[in-house]
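The structure under discussion appears below in the form of structure tokens.
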Amino acid sequence: MSEKVLMKGNEAIAEAAIKAGCMHYFGYPITPQTEIAAYMAKRMPKIGGTFLQAESEVSAINMVYGVASAGYRVMTSSSSPGVSLKQEGISYIAGADLPALIVNVQRGGPGLGGIQPSQSDYFQATKGGGHGDYHLIVLAPASVQEMADLTVKAFDLADKYRMPAMLLADGTMGQMMEPVEIPEVEARAVDHSWAVRGTNCEREHNIVNSLYLKPEILEQTNFERFERYRQIEENECMYESFMMEDAEYCVVAFGIAARVSKNAVVAARKAGIKVGLIRPITLWPFPKKALAKAAQKVKGFLSVELSMGQMIEDVRLAIDCKKPVQLCNRTGGMIVTPEEVLSSIEKLAKENA
Amino acid sequence: MTTQILIAGFGGQGVLFAGKCLAYEGLFENKQVSWLPSYGPEMRGGTANCSVILSDDPVGSPIVSNPDVLLAMNLPSLDKYEAATVPGGKIVVDSTLIDRKVERTDLQAYYIPATKLAASLGTPTLANMIMLGKMIKETGVVDFDNATEAMKKVVSAKRADLLEANIKALKTGFDYEG
Amino acid sequence: MVVFEKPKSLTDTPLHYCPGCTHGIIHRLVAEAIDELGIEGKTIGVAPVGCAVMAYDYFACDMVEAAHGRAPAVATGLKRCMPENIIFTYQGDGDLASIGMAETVHAATRNENITIIFVNNAIYGMTGGQMAPTSLPGQVTQTSPYGRDVSVAGYPIKVSEMLSTLDAPQYIERVAVNNVKNVKNAKKAILKAFKNQVEGKGFSLIEVVSSCPTNWGMSPSQALQWVEEKMIPYYPLGVYKDKDAKGKED
């Protein structure tokens, strides 16, 4: 076991990625994720890997596409406005069935927005983001340890299902330091028979492509991809359940909002309100079953988000609107406080006694 | 037991570094810790602050909006965070740079001319460590001996000269009577 | 006795190009270069968006289809993770000189060790004949129906001239494929551009002045004549940068 060290969330992502065998990083500077690029710039030349500061986010994601085409572990990182620029490439990566990791350390938007923490790229991350029928695997860390662990997980899932994965963090997670143990990762065998590494004149050529001019073939390809998505929804949902055993109310929050909400849940319990928290760790696939199950016994839900309310739609869908769902939110870089969450819990409990 | 600490001052005063030392000291004592800086343009000269939480239990929100302990390293920081400090909390004031007293009477205030002391030690940039030493003395949130040990983790091995100066400043703050 | 053979580096898939289009010739020259250097097994091509979008079906080596304009970035990724492999892009004027200009310039200024085949036919072919960054002043296209008005649409971009102002690139040459002599020169240039990469010399770009009879509204022979009379005077053929030749010139 390695020693616990204090690390910024951004640095934990970078070191964990290297431990996971990612030898190639392409990025472009943007606050608040620049520590990832800085860390990679320092480390990659020493271990024979690639660090390249691309001319744009657009180029960075297409460099990622290039490495992913060859079946090597590769990543890029950015923050909200930069991730918007990457959407074209992400759609191509999804359309060509390539594994890759994209990190979004979110900041407030829309437009240039601000540089303070936000969760307002939830829709973009979980509903596709770019053009076409596709999903990303989206993981939402809520601690520096998870920044590291979920980075490794994201690479594994991306390889397993041959699709891009996104780590959806925020400025707080990126900037904060906590004790972290960087996981030791064992290399595992992955099938790369599809990758372009040269035919060596021993096989037919491989083609990495997302163009299908015959609509019936494109449709079939999308059907098959969505069958894979269905399996992911079945097998890969991750969430944390906190004080839910006897809960009459359920807070749903991820990332930093879940951290804040935990304080509020503990305070509400002290005040006699039986409330618990479900923290989605995978935002796609969304832990629908866990919420549907909770809906059978709780009286209401509270979605706590750093956005105008995006995940709340998935909460309502997951429970088929069977119970009231209220919103507690701040946006634009403002962070909801435990007191605000507590008073929203009290309101929810009062209105749904 | 959870202690929420806010260290605030000008960018360049070593606010984030002081917080990092404190976080490492907590880690050294096997506490749960979190360290969260303000970030952005204020880092290059505006006001900077950092939240440090030391706890026996897992840390929930890493954001300190109501500190148990405030280290005010300039006047704007005292103006901004005095009211937010919890009743019964503690405020450590750099009296070289802050010429007013703490107005609240429901908490404990400590005054130390940290910037002046740092200058007299020949290390004018280490007022942050002097403030930290004073805070450790008055709160006991970490053990002083552990603090010096933890410091070795934070200051790079290549800068052994700096380590000594930092420990000296920390001790100066810890021993200050006034 | 075999007098004429298809290069090994081309597949048997029939080309979809219009009658008189010169993409077929250029494909063949690229394939011949790959064959002659014996690098088919380790070459990876990057296809563009444009008329050559389906080049991935025609070259027998491993192929990647890039987003519009992004081929040099994709090639950069491929080369950085597999420096021993040979990476080329095959791009048209819209792809390389309009939407992908940033990728082109930055791959060049990094002296990325890749080979770019840039086909300049002064028009967007696949979408049906719109104005390209290289369309000539006064040239009539679907989106410049009264002729390219430089006061509105600006001037054509001379890619080889522009890139040759950079310190980094190894080799930049403009060739044409409108007659036998020019085809032979083009072959030599393309071969050299691949050889440079094999030898680790860095960024090589061959601009091939080409024709588009369909969208120019000409017969194939008229189109070749237009290349000679209009295109080449505006886009003079020749070596624009060759770091190897520098010593000899001085």
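Order of writing sets the chain letters: A, B and C. Residues in each chain are counted from 1.
Here is the rule we use: a residue touches a chain if its C-beta (ideal position, glycine included) is under 8 Å from a C-beta of that chain, and two chains touch if they have at least 3 such contacts.
Keep in mind that what you see is a predicted model, and the values were worked out from it rather than measured.
> So which chain ends up in the middle if you average the CA atoms?
A
> More C-beta pairs touching across which pair, A-B or A-C?
When A-C is set beside A-B, the one with more contacts is A-C.
> From chain C, which chain is the farthest off, judged by mean CA positions?
B
> Quick one: report the Å distance separating chain B from chain C, using the average Cα coordinate of each chain.
Whole-Å distance between the two chain centres: 62.
> Calculate how many whole Å lie between the centre of chain A and the centre of chain B, each centre taken as the average of the chain's C-alpha atoms.
Centre separation, chain A to chain B: 34 Å.
> Please report how many Å separate the Cα centroid of chain A from that of chain C, as a whole number.
Chain centres of chain A and chain C, defined by C-alpha means, are spaced 39 Å apart.
> Which of the residues in chain C come into contact with chain A in the complex?
11, 40-44, 46, 53-54, 56-57, 59-67, 70, 73-82, 85, 102-103, 105-106
> Across the complex, what residues on chain A touch chain C?
The contact residues of chain A facing chain C are 23-24, 26, 50, 52, 54-56, 58-60, 62-70, 72, 74, 88-89, 92, 96, 196-202, 205-211.
> Which bits of chain A are touching chain B when the two form their complex?
Answer in residue numbers: 4, 6, 31-32, 115-116, 171-172, 175-179, 256, 259-260, 262-263, 266, 335, 337-338.
> Looking at the complex, which residues from chain B come into contact with chain A?
Against chain A, the touching part of chain B is residues 20, 23-24, 27, 32-37, 39-40, 59-63, 65.
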